[in-house]
Amino acid sequence: MGDVMKPVKRIEIIIDSLDLKSCLQELEKTGVSGYTVIKDVIGNGDRGTRSGDMLNDTMKNSYILIACEESEVKMITDALRPKLKRFGGMCLVSDASWLLH
Amino acid sequence: MMQCIMNTELLLSNLLNPAVMFFFLGMLAVLARSDLEIPQSISKLMSLYLLLAIGFKGGVELGHSGITGDILVTLLAAVLMSAIVPVYCFFILRKFISTHDGAAIAATYGSISAVTFITAVAFLEAMDIRSSGYMVAAMALMESPAIIVGLILYRMYSEKDENDVDSFSWSKLIREACFNGSVFLIVGSLIIGFLSTDKHAASMSVFTNDLFKGVLALFLLDMGLIAGRRLGALTDAGFKLIAFSVLVPLINAVIAIFISNMLDLSIGDALLFTVLCASASYIAVPAAMRLSIPQANASLYVTMSLAVTFPFNIIIGLPLYLATIQWVML
Amino acid sequence: MMQCIMNTELLLSNLLNPAVMFFFLGMLAVLARSDLEIPQSISKLMSLYLLLAIGFKGGVELGHSGITGDILVTLLAAVLMSAIVPVYCFFILRKFISTHDGAAIAATYGSISAVTFITAVAFLEAMDIRSSGYMVAAMALMESPAIIVGLILYRMYSEKDENDVDSFSWSKLIREACFNGSVFLIVGSLIIGFLSTDKHAASMSVFTNDLFKGVLALFLLDMGLIAGRRLGALTDAGFKLIAFSVLVPLINAVIAIFISNMLDLSIGDALLFTVLCASASYIAVPAAMRLSIPQANASLYVTMSLAVTFPFNIIIGLPLYLATIQWVML
Amino acid sequence: MMQCIMNTELLLSNLLNPAVMFFFLGMLAVLARSDLEIPQSISKLMSLYLLLAIGFKGGVELGHSGITGDILVTLLAAVLMSAIVPVYCFFILRKFISTHDGAAIAATYGSISAVTFITAVAFLEAMDIRSSGYMVAAMALMESPAIIVGLILYRMYSEKDENDVDSFSWSKLIREACFNGSVFLIVGSLIIGFLSTDKHAASMSVFTNDLFKGVLALFLLDMGLIAGRRLGALTDAGFKLIAFSVLVPLINAVIAIFISNMLDLSIGDALLFTVLCASASYIAVPAAMRLSIPQANASLYVTMSLAVTFPFNIIIGLPLYLATIQWVML
Amino acid sequence: MGDVMKPVKRIEIIIDSLDLKSCLQELEKTGVSGYTVIKDVIGNGDRGTRSGDMLNDTMKNSYILIACEESEVKMITDALRPKLKRFGGMCLVSDASWLLH
Amino acid sequence: MGDVMKPVKRIEIIIDSLDLKSCLQELEKTGVSGYTVIKDVIGNGDRGTRSGDMLNDTMKNSYILIACEESEVKMITDALRPKLKRFGGMCLVSDASWLLH
């Protein structure tokens, strides 16, 4: 199975929905060209509950999933850290295999 | 004394307005822990509809009345109020809360609540009191200045390192404040209504006029649910901020009634102007503050404006302001 | 014989009702594997609208007619029917299915379907037959008792260890049954309509009245899609349960017509009462059963009430019940 | 000369149509980078509503006029146009782009845009020009043939290995083309309108008629947003394809006006027929092409039809085609 | 990179939407303060298809994502197990690194 | 904890929403009976941006999550590969533990 799968890193980001656009732009600047987004996600964290029930995108999160090479991880997390510091959120990195096609 | 009676009567008649009762129903649903829920996309549809309808109707009326010097003076007064209110609020707030929370709350109270305005328009219609289309323009103009003033205050009074100057751009902020979705839709619909012929306007009128009160009722049910869910957070706000959320609208209302009188506005227009000054934002400003002053506690300013000031204005404020205006203008 | 002709005519005229035809269209779309789809939030908007409108209209009518002793007797009869139907259903069902499925299905058939009721109101309006506003209150009152009776039966007849008593709380259950979203909205709108002045009611009337039939048509298209998607699960239900889904409504209808006659209800009110008794829930009860009897197969009771009883009632039931009532009341 | 003046006047009056102005507002919102957004489920609600209303109204009218031989001839002409347009488009396109992109674009321009049609109906109503209900049937019939012809062309002219024959099934494709959601809803609503009695139709009329223009305005705001977001992709399309997106509608319009004249259609019907031929699909065809010719660049055909042809048709096309038809038919 | 990342456990839960509220309350009782929720999720499992197309939240799932310390996992899964037994659903635990910010 | 958790493979699939139905049918044919789906997901990849803002499901992705035995992975990925080749998309495989209940 080795030759049909490629080891990759799987980055999951939770970010304020209001900042999603600018966050994706930032990611694209660092060279990320593949990502998947779930726009409406709610949650709870250090900065309180984000229940997604306002009339606009305030108090709502978005979820970004990126599969990338191990070598790209640092660049991406470096770009994200200031954003997470400023707006809150979460970033998880884990291992996965990418099915070549 | 007679004034007081009239006031109570007005208050009661406002309480029996279906739209206001639906607001109560929504709050009650939260308190009774009912599972009544309105999907967010439906809230958005209703607010889009209400903004479009109010803008279009205002534009059509403006097309009939024309744009006069008096109108421009009123609009100027509106913009000034939206810019000045945050300043005095900020200096009050600094006495007991942090600079960032103070700036965000100040901006919130300088800006306006479109739903309060729309409820006031329906309130006037129910009492057969006329108001002018250009007040919609006043509403649109009052949304953004407060955001910019709030941020200037924040930048002036917060400590340097808090500012993280790099990621901040005034031009982007101003663009976002002025082109935010609701301002854009109101102004756009106003212009479209203004440019429309009577025939076209008539063909839209079942949609923009006849449906209005019903959609507003359903929307206020939703607002009741949303505001009700915030009631729990009131304990975090504390007594001082809750008092602020009632007193500042009252002060702003007094100033607004004074100005209305100076400008010689009609009773209906005076009420709308007063309601704009007395209302606080919970859509445009929170979004802008969350991005530009992320240190501020969003739960604070959203809760104050949504769970205190909004209900206060539509339940007690409307009849109270109207009675005062009628009394002053006699 | 004449009765039979009248019946066929009524049936045909009901089949040519746009709302009913849109229901067929929805079912057909599923059978033809069309990709026609209605987002869930739109379904929710339409059902919110219909409940609000029917509640409000009922309240306004009730405000005109006033609350009399006769009304209270009818409401009592409604509650009793909703509590008794599950009992006899349960003992029939226990003969061929498990206790938990039996209890859940029994509760389903004791409770009511608001959409069936609303379709019946539209059906009567189309035939210019008057009905009373308080029947909306009867509908609201019949939603919950069946849930509680169903659960009592389940607790009495299921084996001990199945009950996992720890995680169960009657008070929570009763609150949830009584304050569930649709009951809350219907009762709230009814009260608001009742309290509204004629002027306010008139200002809502394009929304609550003129739009009603159109939204109902679009909503029944959606119901057709939802019911159609369940048709596949009918094979799991098996012949006995399908027969149950047609026969129990008929039995309940006969009882209801008998009671209506005893209570001397008008033809319109008798039809609404009959339809309430004959209908089965697919919103409130499934949600309650899923949480309180999770062992029961949700697909079973949802499919029976949605894919068999609902279509049966709105297509054949309405004209059949009306013809019978007219014949009995002669 | 006089023709030209009339044309300019028509153009202006069309530009001042609220619906068209809302389309501009939507595009402007994107260009100004406003955060104005309409949730996708709301777009779906509005398009469902518009299709249902236009179908139902068409059916009611058809019920009054009856089905005649002339109607069948027009419908036949419509189907033929939808089948022939892709053929000549394909051979033009092959000169400068790949077979798969060519086939997909050809299908796009052979099929129709329901929103353009609906805007044309509102345009005619605003000018008090009558049109016939059966043109709705023409619209429904023109959606699918182009898809099938496009695919036949693709299969004939693409290289073997590109075809991956295994996963392809004509019967599935034809079923999907003919039973796609919008065709299904239009045809269904048409038949339901046709079968409805006048009384039933009247009870739906606030919903299907009075609300129509308002919903169309809000929907065109949404279309403006959607089309505006595609403007950026125009650079990928390149000059040749942009020119194609304007010229092919014009050519199709000329052919359609010629045929309308031969068939002796009324001015209103001729305009609708012309608009159908001149419009390009951005709902049904893209979905079908994405699944059956996944190699084709979806951004290309969606952008061309949505960001060029659609605005061109509703802004310039409608008055231009009407003026030409009026001039030809003199 | 070691000092900017912290190893955590990533818990994913699929639960009946009707039970989401009570499930989150349960989690908060066990001390979970950070979680992310996707409200509308559909699926298939031992207890049949949950297609999310009813008029209310019946027959629909919700998805909960929790990043927590390894030591917290047992408490969380212990709280969840009776719920999963009663209503069905799924709980997956995997490894990830949390980006400190 | 060993006896309450079972090691599984976690398969994540991003696929064109238009192809979701047929994809799930394919998976069911290969014997997959448990899966979770998030219908509306957007993203960016080699074949351009899929922004989910059209009037229908064109230009939108769906997300499928499958927890399965290691032995099933190959069958599933074999069934998916032609689809991913044809329509684009992504498939990631990672490790997780399944909470027995």
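Letters A, B, C, D, E and F mark the chains as written, and numbering starts fresh at 1 in each.
Just so it is clear, a contact is a pair of C-beta atoms (placed from the backbone, for glycine too) under 8 Å apart; a residue touches a chain by one contact, two chains touch by 3 or more.
Keep in mind that what you see is a predicted model, and the values were worked out from it rather than measured.
Listed by label, the chains touching chain A and chain E alike are F. Apart from chain A, which is left out here, the chains connect through touching into one piece.
Across the two interfaces under comparison, D-F and E-F, the one joined by more C-beta contacts turns out to be E-F. Farthest chain from chain D (centres taken as the mean of C-alpha atoms): E.
A centroid comparison over C-alpha atoms places B as the chain most distant from chain F.
For the pair chain C and chain D, the distance between C-alpha centroids works out to 41 Å.
Taking each chain's centre as the average of its CA atoms, chain E and chain F sit 19 Å apart.
Distance between chain centres (mean CA atoms), chain C to chain E: 35 Å.
Residue positions of chain F touching 2 or more other chains: 38, 40, 94-95.
Shared contact sites, meaning residues of chain B that touch two or more other chains, fall at 39-41, 44-45, 181, 206, 210-211, 287.
Listed by chain label, the pairs that touch are A-B, A-E, A-F, B-C, B-D, C-D, C-E, D-F, E-F. Partner chain F is touched in their complex by these residues of chain A: 1, 4-5, 8, 10, 24, 28, 33-39, 65, 67, 94-99, 101. Of all residues in chain E, those touching chain F in their complex are 12, 14, 38, 40-46, 61, 63, 73-74, 77, 80-81, 84-85, 90-95. The touching residues of chain D, when paired with chain B in their complex, are 16-18, 21-22, 25, 28-29, 32-42, 45, 125-126, 206, 210-211, 213-215, 217-218, 221.
Listing the residues of chain C that touch chain E in their complex gives 40, 43-44, 47, 164, 167, 181, 225-226, 229, 282-283, 286-287, 290-291, 294, 297-299, 302.
The touching residues of chain D, when paired with chain C in their complex, are 39-41, 44-45, 48-49, 52, 56, 175-176, 179-181, 184-185, 188-189, 191-193, 195-197, 199-201, 203-204, 206-208, 210-211, 287.
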